[in-house]
Every structure is written in C-alpha cells, then in structure tokens.
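A, B, C and D are the chain letters, set down in written order, and residue numbers restart from 1 in every chain.
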C-alpha cells in the first residue's frame, strides 16, 4: 500500500473538525499517504466511529501520539490544543516536518505568546525555527521550513487583504477596524456549553471583545507589512452556521488614494494566485460561495466617509482558515504544485 | 365587542412580519381593539389563512385599504412599502393618528429622502408634521404627534447607544463605524430570491455596503445629537436567523475620556428606562437574549487601541426595531403607560 | 413582597431550558411568587449570570436544594435529571406540592421504569401517589394530586391526538406508527457532543430507533385508552432547530371509519379546550406556528392507502411538551383557571 | 479547448440548484466538457453573475435553449420545470443523449403522469423510449438509453432500500410507511413564499400529505420490484436545512424474517456498489455525513412491534437525489467508469 514517492503523513488530533477537514483533502490528494492518526481520548477506536462520514474510507485507526511509529512518517499535521502542542512537537524526531494548526508557534515573540495564552512558552528554540504559514505572503520561507505555524482563521481573513495595502502605504496603519463573523466550527469540537446548538442557533453575539487571542497575531502580520507597530481594533462574532468567516475591515486611505487604488493594488498583488481573489467594483463576497474551498475572496468599497474604504473578505474558516491552507503549506514544503489536492468547487448552497 | 374606552386600531399591511408582530402585541394589549386589517394582495381572506399562528384568535378579516371604515378607527399602524405609504397616509381622515413603520416620514429633509429612495417625496407637508419615533429620545414630541415615523431597525440599534454620548461630547462625532448584523425578517415577507432559505442559511454576507438607505437616517439622528453634521461608516450584514440585530460600534473617545465614562453616561441617560439596558463591565449582549421583547441592551468595552471604545447593542429587529417600538409610541401618543402590553420575557432559546 | 394569596414556588434545576421556560411563565403569572431557585453546579450565582435574558428581572439567586427554606414554598417544579429526582422528591416536606418534569414518576409500573431507565425505582410508594399530568386527559385526578408527573414531550404530542381515537375505537390499536421530529432543546442544556451546533446544524438523523425511553410512556397512555396493551412503532429524530416537535402518526382505521370521522371525534373531544386545536380538512400544522405557546395543533388526512389515515401534531417541546403543561397542571392543582399565565401568542417567525 | 475524446455537454436550466450542482461535478470531471448553458430568464448574463461561487471558473455564458448550437453537444442535462421539459426534449436532435432531471419522463404510465401533474403528456412516444435512471437498479437499460429520466429525490431514498427487500419478498408489499424529511433546496431556486428563510427556519412541517407527486413514482418502482401493485404511505416534511434527505421507513416482515435478514439482503444486493452503503447493526445514518456526496446510506433496525422493522436511509437530495445520480447515469450511458468525477468525501460539518 505504501508508495515510496508519496508523503507519509500523520495527523495528530484527527478527531476534531480541522483534523476531519485535513482527511477530506488528504484522502484524495495524489501525493499523500496517511500512515498515522491520533486522538488521545478516542485512541483504540476506528476513525469511522468518531467521524462517521469517513467510515467507508480506508484509514488507519486512532492511536495515541505515544504509539506512532515515526519511521513511517514524513510530515505531521498537528491539530492539538495550544500548550500541549509545543511539548508534542518538541518530542518529534527531526526528520518529521510539521504543519502546526495550533497557536503555539504563530507569535514570534514568546512574551507576546505568554501574555495572550497565559503560559510561558516552553519551546522557544523551536519557535525561532518556525515559519508563519500565510502561504501567499511567506511562500519562500515556507518552502524551506521544517516547522510551519499555520495561521489562525481570523488572522488569515484580515491579513490577506491588508498586507499588500500596508506594504504599499495605501492605507493608514494607525486606523484599522476589523469586524469578523465566524461559524461555530472555529470553536472546535469540544463539548462546551457555549457551542451547544441552542446557545448558538437563531442569534449572534460578539465575544472576546478587545481581548481575543488572534488580535496579537493580526498585529504581528500587519506590523511587519507596515514597517511599524500596528494595533488593530478587532471584534469576533459567533454566527449560527457551521462554516464560514467574513471580515469587514474599515480603513483610512493614505492621502490622495481611492478605493479603486486599493482594489488595483490587491489585484496586482494577487494576480495569478489560485486561492486569493479580488472582486470587481460593486461586488461583495459571501461565505456560502467559498464553502469547502481554499479561497479568500475580497470586495473593496469606497466608504460613505470621505477618505476611507471598506474591505470585505470571505473564507471558509476550516479551509483557507485552517486545513486547506495547511495542505497548501504541505505542498509548498514538499516541492509539489501549490494547488495539488485543493482544486475543489464550493458547495453551494 | 367594541369598548368605548379602548383605542380602535387599524393595521395596514397586516400580512407581513411587522404586521404579524403588531398583532401579537395588540391582541393582548389591555387598551387596544383591532377593528381593521388590510392586505391588498390577500384582501378577502381571513387573517388566519395568511398568518396561521393567529388562526385561533378573534380577528377581522383582511380588507383593502379602500374598504376600511375610518369612523371606527382611532389609530393606524402603517406597514406598507415606502412610496405607497405617503399616498395612503395623505388620504387618511385627520382624526386618525398614525404610527408609520415605513421609511417615508423618517427623513426630515425631503431632498435626502429623494436621494435615498429614488423618488420625489409627494407629501412634504405631512413630512413637516411627522415626529421621529425613537421613543426614549423624542418622548415629549411623540406625545403630541398625530403622525409618528417609527425608526428603522438599524437606526434604532445605532442611535440609542450613540445619542447620549454625542450629546455629552464623550466621543468624536467624526469617527464612528457601525457594523450591523440583522436577521432575515428585516427584509420583509416578499418572495425575493435573496431571502430564500438556501440563499441565507449557513452563510453571511455584507450588503448595501456604504449605500444602505438606513445610513442617512442614522446620520440625521447622530447629527442632531452632536450639533454638527455626522457621517457614519455603516455596513449591514444578512444573518442566517429569523430575528435579531446586533450593532458593533467603534468610536474614538474625546480627550481624557474612558470606556467607563461612556458606560456611566449611558447608565445615567437610561436610568429608569424600561426598554434600554446597559450591561456592567465585561458583559456583551446577544440577540437571543432579547428575542421577542422590546429591549435594546448595550455593552461597552475599552478598545485595544488607546483612546477608543467599542459598543455592542442588541435588539430584536421586529420588536424594538419595529413593532414593539411602534406600540411604545402608540402608548405614549395615547396617554397610556409606556410599557403597557409590552411586558414580556425573551423567548430563550 | 410576599403576597399571602400567591402560590410560593420553588424551581429545582432552574438553570436548564425547562427551568428557564418555567421562569418565563411564572414571572408574569398573576398568582405565582418565586421564592427559591436551585442549580447544584451554579449554586451561589445570581440567576441572570446563567440565564442572561432574565438579568433584568427580580429573581432569587441560585441555591442548592439542601439550602431551600421549605417553609416558604407551597409548590415545587422539579427539573432535575431522572434518578436524582426521586431522591429529592422523597425528601420534600408533605406540604409541598410537586410538578415533576423528569421521567421518574411517569411510568406507573416500576418494573417498566427499571427496564427503560436502567435502575431500580427507589420511591415506589411515591410512584403510586403520582398522577400523570396530561392535563386534558387526567384533569380530575390532577386537581387532587400532590405529585404530578409532567409528561414527556414526545408522549404529549402522540397521546393527545391518539387517546380519543383509541377510546372510541376509531382506529386499530395494533397498528400505530409515530414518527417524531424534535428541536434540540429536548436534549437539555448539558454540554454533550451530540448537542453541539456543528453536530446538529444543517442535518437530520434518527436516534434511539425502537429503543427511546419515551416509547413505554407512550404505550402506557395508549394502552389505557384502548383498554388493551398497545405497542407503538416510534422513531424520534433530531432537528436543526431550537424548539418545536412534530409527530406524524400513521394509523389504520376501524372498519367503516374515515379520516373525517377521526377529525370529528377529535373536534368533539377537544371542543372548548384552550390548548388543543384540530385543524380543518386540508390544513397541516407547523411547529413555527406554536413557538413559545402552550398549544397542541393537529391535522388529519386520509392516507393514500385505503382504510388508513395520517395525523400530524405540532407542539413546542418546551411549552406544551414541558413547562407550559407544567404551569397548566399547577393551575389545575391550585384551583386557578387553567389558562392563567399561559395566554400567549406564538412568536412567528 | 475542445478535446475530441470528451463528452460535450449542455446543461439546460443551469441557474438553479440542480444545475449548479451538475456544474460542480462536471467542471472537475475528467471526461466532460461544458459547451452550452441555458437559463431563459438570465440569458445573456455570464454564469458567475447568477452563481457567484463559479465566477472564477471557465464557463460558457447563459443562453436561451433556442440559441444552443446542438452540433457541439453530445449530451444534455435537462433541469427545466416539468411540462416545459417534454417540449424542449422533443425538439432536440436525435444525436443528443439526455439525462432529464425533471419529472416529465419518470412515470411510464402517461395517465398516471396526467393525474399527478395535472396535464396531458405531450410526448408519449419519447416516454416509451425513456429509461428510469435509478442506476443501481436499472444499470443495463441505462447503458443503452438515449433518454434517462433521473429519479426524484424522495423516490431515490425510498426505492434503494426497499427494492431488494420486495424482490426477495422479505417484507409485506401491502404495508409500507415512508416518512421523509428534506432540505429546502428540494423546492428549487424559484422565489416562492414557502421557501423564504423565515418560513422555513426554526421549524418543521409536513406538506403534500398523501398527495405529493413523488408518491406515484415510488409506487411504480416498488410495484415493479414486488410484482404486484404497491401503494405506499408517504409523507414529506420540509426541514430547516439546505441539503439532505432522510427517509424513515416502517415495514412488516414476511413470516419468519428478521431485521437481520433485511440487513443481510441489502448488504448482498449492494455488495461492491460504490454509492449505496448499508450500516452495521445499531448504526443510524445522518444527512450531514453524506453532504455533497453521491451516497445513499441505510440503517436497519428491529421495530419494537414484533414482526416489523424500521429502515432509515440518508442521501444528499441534490447529489444522489439529483445531480450526482445524473452524472452517474451519464457515466454509464457513455461507457465510462460509473464513479468517474464522483469520488468526493462528504463536507462535514
């Protein structure tokens, strides 16, 4: 069953939503072979028992991380909780490349990590080695990385439209408001009261107002692009839907610039990109049009207020916001075409 | 059946969602007697045929506006489309008081109306007479009004938290961003493609970005409060839910002011109000906690950016954003206790 | 604050959905005074912390059952898990009347209880005393009861349409299929994986096929009506909605009988009932038309197969299927008008 | 762009949900080339204007049927309304093979068609030629067909589990109850009041009780399998979800047979089938586990009533219930592997 030319893959934390989404792509990826799946609580079960939609697929059973035979693994996707992740990754053999979907290696500054996540970082050396996996922006570094820190869903939706604009100084770095709306899978598969159907259905609310842990991650990327420290206003909202993430971003134009200039700059920055699309004037993206696919689609509008613009970006939080981008990074780390195994059409409706 | 001391009420356009919601309140209102219901397309049908949840209630059948016996009507709620509304209202006898839920009389400036609604206003004299029905703010004028223009849902959610802050100059009038999320009943009951379940369910999108007709209505109220022209950034979003409207509002503090000052000012402004509530520090409202009730609940947060704050307000778009506030205005216009017939508890979940 | 003529009420297990729903009705009930609320895990918190939609109401804080001052309680609603319930109720002073919303006292046969719930009944004497609280059917006994076992949601939706038909032998007792669809609040507020939004949204499935614990409860009621042992086919389904329960019931007509005969019999049986309604020919009920109200609405149809009929009944699982019926029983036990505090109109949409 | 070895395809009625779903599969199908798309109302527009999720794909624009160059079409998928369909298909050149997703050619008996659809069939000769496209059952005929009548969604979910059981006389043909629950896309993309979000969300109802047009189609298939006339009880329900269809089927076992016998017979009948799966004892399917994929999954249970069983089948109404099965038929008609272009994994959640 093993093909020498295939990448042998372990998915750690395979029983959650990002794990399941990785399996959806990997099972049909021409260059991937899944050799190990782990899930501490469900270890010993077959994968289809926990993910019934995969019950008809040929998959390894669920094991504990400690049971994985790493000699049969070339690359690991890590879908574990933050904190736990750094310990697990620190223990992996050096030949295993890693795409980490947790937050543990996203913040270059371990002090910022400690402040946001309430615990000292226990693998600062690994943190130095980690490359931030926003593929379109850090492609060259990702190609050479052993450890890629896959971006958070909110940061992906905010950085892709904003980074080119900040790099070209088309907008004011000091005045950015990001209002984001996410489907509930962003909160994971853990049985938390706030994720119950009856606490999410038929309603909307903001959470983590001005305190969400993705904010420093957003700041980090925007600051690098602006060449100065950026602090963004950022409010996430929980939506009554499974998937999808929309960010509405309010910006101040640099002197003399127009919304059309922003659109033009984004079109130029992402020309030829398979997974980032800029809409023509007047069109606004919808999360339902990117359901299940590795796309970030952005619309650009002149604001009613003079000298300002509004950007609206849509992703599927589990795909371009997590597992799809992780596969994109795997492809890039492995010298494969970046789009391999990701060429899907959105499931609409 | 008629009680001389009761207000005899007509609901024009009774077959839509705001009409149905008025009937929910009026049927249990101690001082209301429903004497006429109209629905042009469904005229001749019994009301329960169009609104089956009311089939067991004692209600007049649906008639055309032209068929109403106005001698039996003291007060009319008008739930007709804009444009049509001004003609109908212009034709009503003077003894009939009116709460208009359309947009036709909300904008004091008929030129602004023409610009926003794409048609010349045909009843400018009536417009002069109309009072804007944001009850907590214009209570005194409403008491004496014959014609009350009931506010739009978005403007209600934006103005209630912002007006006291602008009046007291606690925030900068020139830098206000309002990001709003509304349930789909805000679009009415007309069979439009964009309101189909499969075009709304499991997704979110912005619409009318920088062009929505509620924006000039918001500006009008904020300008009056600030004593200068205010233009707000405003983006509405369509949510996969029936009811509820959340506005996340980003403001710049006046020099030396804090988020706590804003909360204090709102608590003071709305102390003793039955239908406007300010949450303590750290709490954020959810639309599901105001489902079906005439409440606007607001949370106040310090922003991550220095010198800025974030306000989050929640209403039920059909209640405080439409029919509930209309009843509140009727009560006020009729010398009744403002809370009469509105003392409900939210339907959660 | 205490009024001697009011019923002083404790709600045990007040932090869940049936508890919250009881509070919605009790807070506006003219003859009710809430003197104690319990919630073991949340004891010590104010009620609004756990049920934020009640934060603006005047309510006691949450205590443990052991802390309740029973001298200030006339009647207790018990919303505790089965098993726990019988111990708690066995420990209550005799002056306290009880409406129990758990399953512990619904099955007259303690052996049937043991089989369905996997544990020996520990209060068989109390079980003998308990009256089954399907109000329209057992009204006379309920009036005199100290302990009323409030029916399950599925059994309510199935028994109300079927009992009159079985009593009058209009249908064959041996051939009854009940296919039920319930909103997710029926599973309670506990953080279980199967109740997560992402495990319920955008999908439907059957559960407990042929093994659900409500089946013996249904059989018990149908058997009593038929005067012989009835075993019904029964399949519950979990729906992507908060509230509502629809039962589609397939029956075989007694020789010579028609669907019209069934409708006529139901109309006669429930003539004058405030909370049970039979639809005219051709109409089918929808759960959204009974949202939030204490109604059971039934439609009756001739089947395509000769000699058979289909009944469709709709309730709100939290109201007529739980807390609304519980209040109805309280009213009856207290000599109050049965509809007191329950005269609401459905929240549509 | 044209490859001589590819099947050149027209999709008639491409702007609706089944059309869009065909495009999702066809755009990634190795042997398909889309040469024409029609949509009468939207003719002249680019396809991405009506189906924004396809805006980044290379697709012909929308034309009218009358404008199609049939010399460039080998096979047409027909997603037009019934009635219209037979006229359009009658007008197509003979070299064009057709998979018709409408109801116009499903019923072999044109009198039955007239009774169900309220109009005389105007292409009875074509009807004689048409093959019913339930692929697993009529594979041999489909291979040779020019015109395949793709089954309805409800009939697919009912026939796949029942036909093998009737053929082998394991169940009583005279006592079959089919209770089905469908997502709202089954009603199409037309702007009808009953398909509005607010009329479907947060609720469930039965419709077309004992009168739905899919019932004669179900009877036709079951009768052929049983070798006698079968009339099934059938009730469809509208669910608050986009996609998915669950049928709960209540059957009487033939003398001496068990639920295990049914499961065994289904396993044997569908052994080796890629798109029909039978679950092991105790497992029940969920529509969310077949979202977006061409699968019918069935669970089999002993009923509580002796001598009876319950089958639960799940499909995606737009895939195995419409467009996926249509591609499966195209593959079979074209001598391609049946699974080509259909090998997807469900989008969960």
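Simple rule for what comes next: a residue touches a chain if its C-beta (ideal position, glycine included) is under 8 Å from a C-beta of that chain, and two chains touch if they have at least 3 such contacts.
All values derive from a computational prediction rather than experimental measurement.
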Reference interface A-B: repeating pair among C-D, A-C or B-C with over half of contacts shared: C-D
Centroid-based (C-alpha) most distant chain relative to subunit A: C
Inter-centroid spacing, subunit D versus subunit C (mean Cα positions, whole Å): 39
Separation of subunit A from subunit D, taking each centre as the mean of its C-alpha atoms, in whole Å: 36
Geometric centre distance via CA averages, subunit D-subunit B, whole Å: 45
Where subunit A touches two or more other chains at once, by residue number: 17, 185, 198-199, 201-202, 240-243, 286, 288-289, 291, 349
Residues of subunit B that touch subunit D when the two form their complex: 17, 184-185, 189, 191-193, 195-202, 240-242
Footprint of subunit C on subunit D - complex, ascending: 177, 179, 181, 198-199, 201-207, 209-211, 215, 231-235, 237, 239-244, 246, 248, 250, 284-289, 291, 299, 301-306, 308, 310, 312, 314, 349
Subunit C residues touching subunit B - in the complex, by the definition given at the top: 17, 20, 23-24, 27-28, 51-54, 56-57, 185, 201-202, 242-243, 277, 283, 286, 288-292, 295, 343-349
